[in-house]
Amino acid sequence: MAKLVAKKMLQLVLVVFLVTLFTFMLVRVKPGEPEDLLVPLSSVGTTQEAKDIIEKKKDGIRADLDLDKPLYQQYVLWMSDFARGDLGNFYAVSSERPVSDRVKDSLPVSLQLMIYAQLMALVIAIPMGVYSAYRANRPVDKVANTTAFGMLAMPNFALGLVLAYYVGVVLGWVPPTGYTSPEVDLVRHLKTMFLPALSLAVGQIAVYMRLLRSDMIQTLQEDFILMAKSKGISNARVLWRHALRPSSLTLLTVAGLNVGALIGGAVVIEVVFALPGMGALIAESILTNQYVALQSCVAIIAIGYVLINFLLDFVYSILDPRIRNVRAAG
Amino acid sequence: MSNRRVSSRLLASLVLVLAMVAAACGGGGTDTTDEGEEAGKPVRGGSVTYALEAETTGGWCLPEAQLAISGILVARTIYDTLTAPNAKGEYVPYLAKSIEHNDKFTEWTITIRDGVKFHDGTPLTAEVVKNNLDAYRGKYKGRAPLLFLFVFQDIADVQLSGDKAVKVTTKKPWVGFPAFLFASGRLGIVAQSQLDDQKTCDRKLVGTGPFKQVSWKVNQQFVAEKNPDYWQKAPDGKPYPYLDRITFQPVPEPEQRVNALQSGQIEALHASGANEFVPLREQQDAGTVKLYESEKFAEVSYVMVNASKPPLDDVRVRKALAHAIDREEYKQIINQGLFTMASGPFAPGSIGYLKDTNYPKHDPDEAEKLVKEYEDEKGPIRLSYRSTPSPATTAVAQFLQQKLKAVGIEFNLATVEQSQLINTAISGDFQLIGWRNHPGGDPDEQYVWWYKGSPANFGRFADDEMQRLLDAGRSETDPDARRKIYEDINKRFATQIWNLWANWTRWVVATQPNVYGINVETAPKLPDGSGPFPGLATGHPLHGIWVKK
Amino acid sequence: MSALPAETDVSLAPAGPGTSDQAAAEASPRKRRAFGIGALLAMGWLGLITVLAVLAPVLPLDDPLESVGAIARKGPGSAPGHILGGDSIGRDMLSRTIHGARASLLVGVTAVLIGLLIGGAAGLLAGYFRGRFDTVLTGTFDILLAFPSLVLALALVAFLKAEPEAGTKGLSTVTIVIIALGIVSIPILARITRANTLTWAQREFVLAARAQGAKNSRIIIREVLPNVMPAMFSIALLGMAVAIIAEGGLSLLGVGVELPKPSWGNMIAEGRGSLRNAPHIVFVPAIAIFLTVLALNYMGDVIRTRFDVRESAL
Amino acid sequence: MKSGETLGLVGESGCGKSTTGKAIMQLPPPTSGRVIFEGTDLASLHGTDLRRLRSNVQMIFQDPISSLNPRRRVEDIVAEGLRIWGIGDKSVQLAKVDEALGTVGLDPDTAKGRRPHQFSGGQRQRISIARAVITDPKLIICDEPVSALDVSIQAQILNLLEDMKARYQLTLIFIAHDLAVVKNISDRVAVMYLGKLCEVAPPDQLYAQPAHPYTGALLDAIPVPDPTVRPHEQPTLSGDLPSPVNPPSGCRFRTRCPRAEERCAEEEPLMREIDSGQYVACHFPLIGDTAAPTESVGALQTQAAPTV
């Protein structure tokens, strides 16, 4: 067991190293001097005063990012800052705002969105999956399956746009846009998160439902179900108490793995609903050349994703050796 | 202000920007308001959430900040400017008690109002004002104002004059100087502590304004609460503001702002696109929202041409562009028939406005001829156009592209984020760019934008005639002569085509029906008793807003 | 649906681990031939849209780049001769939708081809040879997979996008989007190919081929590849669906296929400001994407069922 | 092993029979022991030489589904060996395929164009045999070729293998877990337990007088189709097969052997001839009362190393 932990840890460290290195290189290899990308003001200086101001600004950035040092040192320095929670700055002509400030505000939004989407997907998908497995190949099942297919084919951003207008504005049930933090107004917070979470959840609902359905159909063919039925236990009880649990392992694995992907995967949804989350932050960083911020944000998400994978992997290999083997093969 | 007639409406402001989010101006539409009479007595308390078209990611370290209209609105809640425009567009003392000048307009004495306190409790003193002015003109240690540096190049010196006044000496007569003390609302007076704050000057805001900053979460919200010690008194004798709290939310997609207002999520928004005017006016007719529209002292939307690089350094090419664009079709398709097409930089009512400047008419044949002439001489014309990626601006870009293609000009599109657009303009790394600027005020405010060699002359045209006219305009004291000068400038644009004019930008502030105090009829009077300024291009004061329960 | 291919492969995941090859092998020939009505409809739609996309330049359509002022924001049916109406600047929606299919399908097909060629080959070799090569490759792909795919695509687009200088032409945005989405799809396709290769490479017919003295290359191409192909193909179909959607996502962020050239994604992005008064500008391309993605997913599913493809064990 | 001989290799599931078969093919090469084929140590061969040599040894597998590529037509499957080695031109290859299919009892014209799933298990095994013989190999390793088939078909396939052997002068290694199956087809039978041979003898001798207790137990397990014969009173084999990764010390069978004594745990029994042609590795064999000598008589390499 200790060996397994050690091995996994080593893997984790290696992956984190490579992931951050990849991010670091991706941004540094881009043509152009970093300080010029961050403060694109080279040709302004018609007067000495202006030139001085700009040069001073760029000198500051160069010093900040250790740009005069060799690449590997830059990486090491960045990582050591990163590890200490210093994520660099958003550079603008008029300000240098720590990225950590923005991340502190954005990360909760993304986490909330992800959790709500996940919960919503599971809450809807589980009954659907259970029932359509129970009624496999009957009309109900076919309808559910077709619906699932349909949901899978909906581009979430288009769905988001449409929901925002028709549900948020025309019907006026929930706010169509914006973000309210739960400390300010919990009810309103939940309402504002409803549509974005739903847009994100729709695809997942289909995935989870199909997954659960097929596992469940298998479970329902097992002997212990037959036995339970023969004992006269009601169908509902058989389904929910006896069949669901053994069927839900794959579902939970996949749901767990999706957690990481969802954090960053909601980029477009966050933009569509004007949610100030990590996705929107990354999009902003990319589109405005704020590459220090980009580096840190992407690294955070990648590390988060790797960590979640690692934990899941680990938990499941303890729970069920079969999964370890399957995963090793996959 | 002892002397003025100047009626300056100037202002230049720096950096403004904002792509041409289609803009405003509905063929002489009325500045609507149907409130006023039934508004009743202002009520104190309550809060308002106001949706802005953009976040000001660079923050509000005012001397260095690059504020567009959204940033200005926030600045005006936290800070006060020394002057402010009144109903006639004259710049009257605001945070200053008085502003006086010598006969030659080269010495300006700004006297400080008594008993004004910053949000941190420190008093407003002449010294703080001097430090502010020095910071804006790049003479204050630790502050590096890039663009105000040029706006105030003609200031020779700022000195304390007793302990209640500051004396500003200019290098040449500067008739419109009071307008620059407003600077479109950008020249707020910042507390000493913020001025000296090296690390968090952009986000720890301390002013004298009607509201105090509570929190700012970028892209989320900016919250400000009532300043109980505000120096401006309401008619009931108690200090403004009426509201306990105001929250600004950046909502960049215009349709989302309208959605949010309609669904009751917010109390107010501002907008300037035809796509927003249509539904908002419908809702106004249905009585579900209240609008305050204004095209007074408007900005102009246009395509800015970088005249420093071939092929656009050739006036024939610029003329061909102007001839190629069907402005009537532009109005119908892009603006849904709503806004008045502009003839030049000066909006109706401004000094220098001309109904017909002789700007080139739509004439594809002439355009084609000019293109051919140029291409035979110097080779093919290839252009690129930059705009923000919003649907409204890309629609404009594609419309232009079609029209130019029709006369044989290839033209590719590149989108640039809003916050990058200004940098693109400053660095000159563009050929054509969608733009919006030059709000009405004193035409002298445009000096920095057009003066040869000015870093704010983003179009980079270097015209001796323009330089002469601008210098003359700055110092000319005779109003008629002054008007003539600016009309000449207007005509010069029409022949040199440094910009391709689109329409005057019409702004609308839309609120829930129970929100009062924004339009000219219910907004507070200025300290000198004159009426409130009717324009919306640089935002509006927020201390008079109140909500009927 | 999620814009993440990484999730999608999970998503379309298996009808359970216990499906046996026996079942497939013993399915009667007749059953294997028959396609349901759904599959026929799906193939019909894909065929139609492909033919239209290919023939778009010669079809009697309006110029997709030319505005007709009179139909700006007019809905379907409200302007004679323009059955789907006009977009926000008066270009014919039908023509733009069909021309948009060109860009969208091109992005979908080419990006996945890149993924198939590189990822497929890598997965095949890794799954066949295993050992250190496999470890390195799997490790590399795990790193790529640690980035949310849309974020990775966005970063790649930003990275590849040269500053547009006047007169110079860098990579076209279509190419950039294709390359970015192609790179994103490599690890996903590699992973699935590898998983399938692993199972097939252990079959006895592979042993038999080696017993007959076949070279590894011959075994991979003749024995393993044909069997892994259905899995690759069905994932490729899903990958296309994901790429088409991802292009839309990139468009919405302002870095998709460059205007004025239509793609379904940038049409939706353009129409998002007019949902209130001209909803068809969003709905027409959205429905086109929906149907196409639906058809691709469905066909992927059909292939998976028919060939009993084993999914990547996630 | 002698050329032209059929060796039956018998043991419980998991005892290493198939591994032995594959080890002979160097698929993968065994971790210890040597395979000598016509005087060449196969482990010393690499690349083309190894591949060429492999073509002299063919395998027929247990699972008729897994052993045929479902994506290829029968013609391609059977002709593969010829194509790999470029034997003959297309028409020659086709003729050979027809001939091979014909000899295994399939109609070449109908069979050629089809794919494996269109055939029954027995037919597929015939295809496997056709594939194996087409390159004229010297040795064919039959890895439980009939265990997945119905009993009636088993006999047909066994007969077919006999025919093939005669027709192509083959040497066969016939792997089975069932002594009954190999009895008729084998010239000699080797019994394997946990990766080691424990007894080698001609079938008649082996069946009549098993020497190793394990062989005895296996023989007892064969159902006798005579209702008058009562099943053995004592349980034949008890306990599970120990892990082959970590086999018991000394004699591997001792944990389940009714005759096990202390010596069995300490000393590994060596293979010795106990009767003419009958070799056994046991300290206390069932026949002849003599305990095994402590010195090695030495005969067969114990670890899966048949020689031809």
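Order of writing sets the chain letters: A, B, C and D. Residues in each chain are counted from 1.
To be clear about the criterion, a contact is a pair of C-beta atoms (placed from the backbone, for glycine too) under 8 Å apart; a residue touches a chain by one contact, two chains touch by 3 or more.
Here the structure is a predicted model, which is why all the values come from computation and not from measurement.
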Inter-chain pair with the most contacting C-beta pairs: A-C
Interchain centroid distance [CA atoms averaged], chain B/chain D, Å: 92
Between chain A and chain D, centroid-to-centroid distance (C-alpha), Å: 55
Centre-to-centre distance between chain D and chain C (centres being mean Cα positions), rounded to whole Å: 49
Multi-partner residues of chain B (at least 2 other chains): 253, 255, 417, 429
Residues of chain C engaged with two or more neighbouring chains: 253-255, 272, 275-276
Every chain pair in contact, whichever chains are involved: A-B, A-C, B-C, C-D
Touch list for chain B against partner chain A, complex: 51, 57-59, 61, 64-66, 138, 144-146, 149-150, 201-203, 217-220, 249-253, 255-256, 259-260, 262-266, 417, 419-420, 423-424, 426-429, 453-455
Interface residues, chain B side, partner chain C - complex: 253-255, 258, 273, 275, 278-279, 309, 329, 332-334, 336, 382-384, 388-392, 394-395, 397-399, 401-402, 405, 412-415, 417, 429, 431
Chain A partner contacts - residues on chain C that touch it in the complex: 1-4, 6-8, 10-18, 139, 142-144, 146-151, 154-156, 158-159, 162, 191, 195, 198-199, 241, 245, 248-249, 252-255, 268, 272, 275-276, 279, 282-283, 286, 289-291, 293-294, 297-298, 301, 312-314
Touching residues on chain C, where the partner in the complex is chain D: 21-22, 24-27, 29, 203-205, 207-215, 218, 222-223, 226-227, 229
Chain C contact footprint on chain A (complex, rising order): 14-15, 18-19, 22, 26-27, 29-31, 149-158, 161-162, 165, 169, 200, 202-204, 206-207, 210-211, 214-215, 217-218, 250, 253-254, 257-258, 261-265, 267-268, 271-272, 279, 282-283, 286-287, 294, 298, 301-302, 305-306, 309, 326-327, 329-330
